[in-house]
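Here chain A shows up in two complexes: once beside chain B, once beside chain C.
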Partner chain A sequence: MEILMILTVGVLVSVSTYLLLTKSLLRVVLGIVLLSHAAHLLFLTMAGLKEGAPPLLGEEAASYADPLPQALILTAIVIGFGVTAFLLVLSYRTYKEHKTDDLEKLRGSADE
Partner chain B sequence: MSTLHLLVLAPFIMAIFVPFFYKGFRRIHTGWFVLALPLLLFIYLLRFIPIGEPLQVVKETMDWVPSLGIGFNIYLDGLSLLFALLITGIGTLVVLYSIFYIANKKDEPLNNFYVYLLMFMGAMLGVVLSDNLIVIYVFWELTSLASSLLIAYWFHKEKSRYGAQKSMLITVTGGFAMLAGFCLLYIMTGTFSIQGIISFFAESGAIFNEALFLPAMILILLGAFTKSAQFPFHIWLPDAMEAPTPVSAYLHSATMVKAGIYLVARFTPVFGGTPEWFWIITSFGLLTLIWGSISAIRQVDLKAILAFSTISQLGLIMALLGLGSASFIDNVAEVAIIAAIFHLINHATFKGSLFMVVGIVDHETGTRDIRKLGGLMAIMPITFTISIIGIASMAGLPPFNGFLSKEMFFTGVLEATTLNIFNVQTLGFIFPIVAWIASVFTFAYCMIMFFKTFTGKYQPEKLEKKAHEAPIGLLISPIVLASLVVIFGLFPNMLSYTIIEPAMQSVLPYVSDPYINIYHWHGFNAELFMTIGVVLFGTVVFLNLKRWQETTFFLHERDPLNRFYDGGLEGLVAGSQRVTNLQLTGLLRDYFAYMMVFMILLLGWTFFRYDAVAFNFVDVSEISPYLWIITLALIAATISVPFIQHRVTAIIVVGVIGFLIALLFVVFRAPDLALTQLLVETVMVVLFLLCFYHLPELRKESFKARFKMTNLIISVGMGAIVTLIAFSAHAARHGLSFEPISQYFVENSVPLAGGYNMVNVILVDFRGLDTMLEVLVLGVAALGIVALIKLKMKEGQDI
Partner chain C sequence: MNNIVLLPVLIPFLVGVILILFRNQLPIQRFVSGVTTLGLVGISAYITYLIYQDGIITLELGNWPAPFGIVLVGDLFASIMVVFASIVAAACLFFAFQTLHPDREKYYFYPFFFFLLTGVNGSFLTGDIFNLFVFFEVMLISSFVLIVMGGTKYQLRESFKYVVISTFGSMFFVIAVALLYSVTGTLNYAHLAERVAEAAQQGQSGILTVIAILFLIVFGLKGALVPLHFWLPNAYFGPPTAIAALLGGLLTKVGVYSIMRTHTLIFTHNQDFTLTIILILAGLTMFFGVIGAVSKFDFKRILAIHIVSQVGYMIMGLGIGTTMAIAGSIYIITHNMIVKTALFLFCGATEKVTGTTNLKKMSGLLKTHPYLGWLFFVAAISLAGIPPLSGFFSKFALVLGGLEAERYFIVFVSLVVGLLTLFSMVKIFMYVFWGSPSLSPEEVKKTKVGKLLIPGIPLVIISILMGILAEPVYLLFEAAANQMLDPSIYINSVIKE
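Showing the complex of A and B:
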């Protein structure tokens, strides 16, 4: 299972990097979304995918899944959401101002 | 903190109050307030002059960074005292002169002028009174800064700014080299104290063989040569003449340009007695001497003549110090050191007075061009008298002090030829020849200055103002200096016991009881005949000036070496521009690519270097059919994203990926994550759709194929590196002998926090502060979003 997850993470990272390197603002934002997914999955896999009970003490199980990485990932998901939302609106505004979402044309003027 | 510390800091403290004087007493010239300070310091320093007994060396310590051996330690000996007296004495006269030179007009920034001047004074005192090399370096750079600011005092003039930049670039480059030299000395000796270094070298004579000895010497000399305008770094000094004349008289002839001389004199006990030190300083000094004097006679601006004359005289003093350094081996060269110190004083007096006289001529006639001037002898009799004294002294005529030191200079070069060390036997004959030729040209430019300005026909139609004698205030300072020229010329021995002997003892510490007596008349010896020859041939050069001026070399006023500086500066700017443009393309893709490639290389290299790649598949768990389905769907969806050309499809596919990840969280026993992910993903898709409604349709990537290929390689490399990290980390888990810290939360969630959902307990209790700040981050993002949407700007206005 771990091997499969690691390979999935690898694919996610590759695709998101590719999207980051394109020149459509839209794809760049999508790339960032995918990259944060990859990071979360990677982190969870690193912590070990042992098949314990969910980290709810009420289950009275013999072993639980590690709660600490889950807590950290939860924080990361929320922060990732904030970043993505901001980037989206930023690209919306950029498009409104400059009438293009092509990064090639958004290079800035020569005197800057 | 002693009084001497206060002496160094006093100008800085005074500088703080100058703007208040300027604003508060607008009608009184700010210079009057400033004048008291250098005068007081000068009188205080006079106390240290020994009369009838040897000079008491004063040492005062004050810690600055004791752990690094850096302390603001004062060391006042003969050499320091001489310089400190020059700085405060000439400083007093210059401030007095400046009060009349720079009128208190409405828009004249006098406060700037005096703040910079005081800053310079304090820094220069710091340079000559400190014993610690780092402190010296700091003050040294401060003098460069102050000098540059003063050159650019009339900053609306293009030439002033050019001169300021030039002096700054050249002297600071040298200063930086000097710092490196100081550090090398520290590595060799383990101390930053000059006296400590001197005694260290005195105790272990074999130090000359150290590998760092020569680099340290050359680096320190670079600092000294740039500051003291030695060939080929002298080009900044003529351009520094854009500064107001009081500044030229003070910084660029009497004090700052002598900082390099001071440094060389200070380090003579360390490096002296080695052939490198002897030859480098002597040859550069002689080259500067002759180059400066030849350049001076093709100038038409009085100040430019004085600038090149200063360069040449600095070269003279430098060459004398070089020759004198041989006296560590053969004491026949001691006279060169005496001549150097004596000429240093004399140069400050006659050159100071001449600069002030030129300032007066400029002030009263509106020009310094010798082609327009002439016949001022009758119109400005007092100015004329002062300048004839100064010029005669500079030319080396009796009975003025310049004659005495020039005679000693000839003695020095003649005696140096008798040295039997450092191969002087073969090359030493050059010294007197160069010295004599340079003196001929010196005599010639002195004659130019004198005859072109004061004799000949008065041409009022070419002058901006009607010439008349200067007010008495402008005349006081040059009169004082000119009288010193006469007094030192007639009674040179009043200096020899009080100032020259103690200063010489600092340069040549092994001379325990120096005895100096300066005579006017030595009989008909070689020096006298050399002087007579100088007068004769100098006159010949002057009379044939026309013929000289027709040769190509003399057609250009500007020094030909400037071409290297200007070209180099232009090349530097253009080169950096090109390098910058090469990497800063303005394209986001390139910046991302730099980061990715750097990360791939760094991580890949680290893996390779520490042989960290590891695989371990011992306890991999079973893969359930669900997981197969979810994962394969996830991978398929992910790979399809870059190929999608339709924006809504792209958003939905990315949404699907998010939901699949939520499902993975369920499989991995993370219910809270799954819930959050579902919630966030839902909101995100809605947000994306809302925003994309306003955004244009996706287009096919229009990058060139080569670009696409690079992008592909970078992304695959990135994926591979992350996969590698994941595998290695997974393998590394098995070697761990300690328990994960998570056990703590399992045990303590209920007793400490009273919660059963461990993830929640961690978030809101154990790591509550984190969560609070996270809320803050979201709040900031929300504010940003609102601002970006609501912000309304006028037509054509940019963010």
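Showing the complex of A and C:
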């Protein structure tokens, strides 16, 4: 299971790297989204996957999943959600103002 | 009584939330925010005094015992940073009152200003690495809003890049925390310090060094270390000067603070390797930052690129790693927060007078605006490190620490960079203030700068005082450095057996 998860993370990171290197605003945003998913999945995997164990229900429980990474990932997901929403609006405004979504044309010169 | 350490985080947060409700009542917003920032300076100074007297203050939030719950830890270094962050914020706020366009003020400048302060103070005071991530994000999201506020073409274009790069860095932060958690199984700084030391002895030193470097990359991206500095000059050039001064004074310092915190407290297992890398980065950062500044002909751009060069000095002390060098690092961080903000504010005043930041389009302001000229001069030579100002003594401690540790090459680089800093500051002074006046007498009468200088004057006075009173100031910073170099003090005050 861990190997499958790590492979998924690897695929996500490579796809997001590809998207981040493209020239379109929207693809860059999608790249960031996928990278955040990869980071969250990695966190879940690194903390250790357990089958068939519920979260901590009481002190007498024989086996339980570690609740901490789940709480942390939830926080990170919410933050990622907010940043993504902001990025989408920002890229839309940039597109509206500059009439282009090509990052090559959004480079700007060194002396202006 | 421990609760007082929460106030620098809680007050700005609550005030920010309340100010959202008063969006259209600018006088209320201004009054409340002015009083709050001045109050914060007082409270944080009092906290520093308490910590100096009685040692580290820890607060276990929700009364959960230390390694399991979230803790806030105020040690001397953190509280000193909070004091200076509050001073910088207050100066920028009072400058914003006079320069910011009312439209920008109405679109939630003040709430986001306070959320930024929440994030900055929280990053300084937290004792938990995931909490550091959360406070980083609070700070970054507020900075995104502040940097794009106003929505000019230039701002939109450059802040898109800034947001993407910052978010990219944050994702690596999550990855680094994940790896660290898998090795150590904890996130509390003090607990991490213990577990990392244990794990390193059990042969996990290699993976821990990788994680340490991953954190260095993450914080280096926020702190603008060369070669991760490329986003900074353009992003800080876009927004109005009051906001650029605030971001320039605070954001990179949070990155530097996190590097110093993690590498003195947690990743102490393989310092031969990590500190050498930090020292190399410090040299590169100083040198390329100042070369960028020398090559530019724009007031604001020179100041923005200079931030990069000064970050190099800050981590140079960490790279040397002796008490004196680290005290010098803290000295130069605080000195730089004050002086850099002052320079940005004077740049803003000059822009208000001449309507441009291009050095070649202005001259002779010393005849028409002498106070502005001389205040800028004092701040500029303080940045370059001329005695008896704060810049001299902070660099003196660093250089002396470097010589004692026999790191001659980095000392040489730092002295060359000091000279080039002086050169770029004199360049600004010559172009802006010397020569025949570029403004006609009628224009001079129209543009009064007297009130614009008021926020900058206290900063210049603090810089002079930090130079004249170098002995007591240095002793305070030395106490902070001693606390940092002995992690057991920090660990024992957080985890009480």
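The rule we apply is simple: the second predicted complex is superposed on the first by the 103 of 112 C-alpha atoms of A that agree within 3 Å, B and C clash if a C-alpha of one lies under 4 Å from a C-alpha of the other, contacts with A are read in each partner's own complex, and residues count from 1 in each chain.
Definition applied: contacts are C-beta pairs under 8 Å (C-beta built on N, C-alpha and C of every residue); 3 or more make two chains touch, one makes a residue touch a chain.
Treat the numbers as computed from the prediction; the structure is a model and nothing was measured.
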Touching partner for A:98 - first (chain B), second (chain C), both, neither: second
First, second, both or neither for A:17, with chain B first and chain C second: first
Partner chain(s) touched by A:52 [first = chain B, second = chain C, both, neither]: first
First (chain B), second (chain C), both or neither touched by A:7: first
First, second, both or neither for A:32, with chain B first and chain C second: second
Partner chain in contact with A:83 - chain B first, chain C second, else both or neither: both
Partner chain in contact with A:43 - chain B first, chain C second, else both or neither: second
Chain B and chain C contact sites that coincide on chain A, given as residue numbers: 20, 25, 28, 38, 40, 42, 46, 48, 68, 75, 79, 82-83, 86, 90-91, 93, 97, 106, 108, 112
Chain C - residues contacting chain A, complex: 130, 133-134, 137, 141, 144-145, 148, 151, 153-154, 156-160, 163-164, 167-168, 170-172, 174-175, 177-179, 181-182, 187, 234, 297-298
Touch list for chain A against partner chain B, complex: 1-15, 17-28, 30, 33-34, 37-38, 40-42, 44-46, 48-58, 64-68, 70-71, 73-75, 77-86, 88-93, 95-97, 100-104, 106-108, 112
Chain B - residues contacting chain A, complex: 585-589, 592-593, 596, 617, 620-623, 627-628, 631, 634-635, 638-639, 641-642, 647, 650, 654, 657-658, 661, 664-665, 668-673, 676-677, 680, 683-684, 687-688, 691-692, 694-696, 698-699, 701-703, 711-712, 714-716, 718-720, 722-723, 726-727, 729-730, 733, 740-742, 745-746, 749-750, 756-759, 762-763, 767, 770-771, 774, 777-778, 781-782, 784-785, 788-789, 791, 799
Of chain A, residues touching chain C in the complex: 20, 25, 28-29, 32, 35-36, 38-40, 42-43, 46-48, 68-69, 72, 75-76, 79, 82-83, 86-87, 90-91, 93-94, 97-98, 106, 108, 111-112
